[in-house]
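Two complexes come next, and they have one chain in common, chain A, joined by chain B in the first and chain C in the second.
Right after this comes the complex of A and B.
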């Protein structure tokens, strides 16, 4: 998991950080809500107030003026805000001389030069009240060591601000990474993205690409689950169950629910050693479940080294269709996978 | 499509009235029937699981092809004589069936397989039946029928109820014996229906009307 609790502690605030990584390496998570522990208490990372006010650093980079940057991120905010089943809203507070990462109580987006982060296009950090767990601030820095663009049709060799902002704003809102996407090993090492099924997939498709400007069903389910509009929980359902291998729970299996009616893909992981999983925000109706190990080259990007996920099993399609009820859960689904 | 359903029913009514002849032997005011119904499979087509590639293209992870399986269940009905040769009918058909989906072409080499979910289906129907007396040959009496219906499908755990609409048209044959005893019973026999069912909604369907054949064999009594 790419969420890394920072050693930084300022007063009663805690800084957390996430990163969107470029085309090599591949952290991934299904549309998870970020949770964290403070003094033994569990919190879900989410905004308790809406609209979320954000500021934009008054910093230009070659090819992108500050106003162009602000325009592109505003569109990305609007894309998240326009999800009809989610209630979160954002508002532009103005330009600032402050920079992302400064714990000033202002949610700030902007460019910073970090050439040493040669795989990080952008990164989101959080400032959380150490007593209440309330999210106080979330900053997004865009690495100006890369070439950027806000061109409507994208620009070859330059990363699209709107696409990357859309991903990072998902983090800013409390979403983790999604694993709905495919990568392939490169002969020289590392991985290349073949396809993505979620804006929250951790690796961008490539410079010049603008297909990441549109949210996908996994993203919509995630933001709606985190900030449900009235009636969302009554009109959608969930699948839950347990993944086992040789009778024991499987930790870190990636489960994708496939909606037979529309073809939507929404995923999550089994996050306990008992193999328990849950996928919420699904349209009621029949779903096929596909279970796969995460890319074994990247497990340390998802999970702590101390808790490696089980990747030693075959990709499996559950032998039964699961009917997702309206406003409820499918009931415990038991899925056995076979070792490779 | 609803308009088409109504048009068929109205056509049957007009046609039936025009064809009305002398009272059919063995006709009674009320008809009760009970029997078995077979409903053919209903295909829902293919849906692909896709992801987005560089430049906005699509990459298919796997494909699914779904159908509501053929089923055999029960059916009971009540008919009321409206005019000579024309009867109004209502019925309810029940059938345990299953939704089957074929998953194929998985990019990670998962073998093709069919996954299923049991579904219980209820179909409430109402329509008209025209049975002109001049068509009757001995104990055989053909008829045509058309109507509309309400579809209700439940998954196995009863956790999801989906509804839909239906319409049907078809025909059939009575093989009947005039009853002389007791006095209130006018006829008994068997009845076979062949219908074209057109359904919309339900557990697996989108808003597309889809057709399936249905064959019902039942025993009846007229009073």
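Right after this comes the complex of A and C.
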């Protein structure tokens, strides 16, 4: 399986050219903070203390020893805490006989067998104080039903621990899934990822692939928005607005902001039925916006809602560029999309 | 040991939300149809959460009143389990896991492991939801990833539409091979 990160950017360039020529618009990608409701109150999952201490289960699998596993996840943790605009940090607490998923107050990563999760490579769980919304513990289970590797250059037919850990640690830190990614159908059957713009894209790149070891602008904007270093909010800006169709708000539209100067893609969703959206952590300057339906995915990967998002509209590139101010918001942008 | 038990108990009292997120291996309709032991269309009539894994986690058993069984040998009522659920004050949310509500009409692709209650294949990939248009047509969403089509999936394309129920079920039965 291959990954071509530049494909989305090429797609953007083409669309942007069309937008500029036709004064129509262009596309985008997204990070999503992980939130939930308790007793009618909205919570954003995030750690209130740093460094976050984690433990590693004392479980080997064929091809990966415990120490190799710990080494690979340590690199992934370091990748996240090395984001200069984010303040979160992690520390290794040691090995444990505990397993991920046990509500023991310890953040634990390790291998487990879960045959009922037949196509799930790994999964992150959270333990939250229901009264305060405080995140107490987060565990990551790696499905031992799959073949794994920690080889420096990857290993054909085996899933890369570091890449998958990087995605799951994003969840552990409070990020949801990103929809910045493209897939294709293969002539011999099956579906694969063609390109991604975020390690938080929910579909795996493929066994043997190690290109998911690197964070992308969407991931960096997300983690920085959750754990901003001093000055981050003063030096970046946001875009906000409303997506409508036939005059009514659109729930679940994917909005991607394309930075014209650096080419970064950062996105989010309209998360209410009023169609409101906001994308923070953007570099100040001109951005193009693309609005698209999530009509290529099982939407449960993105939304904790039994009511499905609206996918019956055409991809739209907003007809004008949006200027993101330093330390401020663009002001409400109104974007109308058309039904298919 | 006693200290550990108390700690666990204390933490369990604090538990309100237990959320999961995932990395998935993608599946298309052909794979789901082939690998499923049961494929059924029906209406959700009950949702019951319970403790699992030795009281370590919460899962939900969903009961479906079957309107049609496309594959497998099951009765009029089909049960399957999904991770997460609500147990009293404890809420276990599983991001990426399918969620259901009583009254919903769905088509589910189920796998089984031993004598346990079946599970949804491919996590959230094995669930299609039915909706009715203003003209009364029943459509299946999300738009299925149909076999025989190749190349990039383009979001927003007019061809990415929910499928008519009859067309969808005809395809599934053909792909499943042993459908009835």
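One rule holds for everything that comes next: the second predicted complex is superposed on the first by the 294 of 340 C-alpha atoms of A that agree within 3 Å, B and C clash if a C-alpha of one lies under 4 Å from a C-alpha of the other, contacts with A are read in each partner's own complex, and residues count from 1 in each chain.
Everything that follows uses one rule, which is that contacts are C-beta pairs under 8 Å (C-beta built on N, C-alpha and C of every residue); 3 or more make two chains touch, one makes a residue touch a chain.
Not measured: the values here are computed from a predicted model.
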Original post:
For the three-chain model obtained by superposing on chain A, do chain B and chain C clash or fit?
Top reply: fit
Original post:
Does the superposition put A:325 against chain B (first), chain C (second), both, or neither?
Top reply: first
Original post:
Of the partners chain B and chain C, which touch A:315 in the superposed model: first, second, both, neither?
Top reply: both
**OP:** Determine, under the contact definition given at the top, whether A:101 touches first (chain B), second (chain C), both, or neither.
**Re:** second
**OP:** Pick one for A:128: touches chain B only (first), chain C only (second), both, or neither.
**Re:** second
Subject >> Of chain C and chain B, partner touching more chain A residues >> reply: C
**OP:** Could you look at A:92 and tell me whether it touches chain B, chain C, both or neither (first, second, both, neither)?
**Re:** neither
Original post:
Counting only touches as set out at the top, which of chain B and chain C does A:184 meet: first, second, both, neither?
Top reply: second
Subject >> Partner chain(s) touched by A:263 [first = chain B, second = chain C, both, neither] >> reply: first
Subject >> Minimum distance between Cα atoms of chain B and chain C in the superposition (Å) >> reply: 5
**OP:** Under the contact definition given at the top, report the residues of chain A touching chain B in one complex and chain C in the other.
**Re:** 182, 193-194, 292, 314-316
Original post:
Across the complex, what residues on chain B touch chain A?
Top reply: 44, 47-56, 59, 61-62, 64, 66, 99, 101, 103, 106-110, 113, 115-117, 155-157, 159-160, 162, 203-204, 206
**OP:** Using the touch definition up top, name the residues of chain A that touch chain C in the complex.
**Re:** 34, 36, 38, 43, 45, 101-105, 115-131, 133, 136-137, 164, 167-168, 171, 176-177, 182-187, 189-194, 202-204, 254, 292-301, 304-306, 308, 311-316, 340
**OP:** Could you please specify the touching residues of chain A with respect to chain B in the complex?
**Re:** 180-182, 193-197, 205-206, 209-211, 216, 237, 258, 260-263, 265, 284-286, 288, 290, 292, 314-326, 328, 330-331
Original post:
Across the complex, what residues on chain C touch chain A?
Top reply: 4, 7-8, 11-12, 14-28, 30-31, 35, 53, 56-57, 81, 83, 89-91, 93-101, 104, 111, 113, 116, 119, 121-125, 127, 129, 141-143, 145, 147, 149-158, 160-161
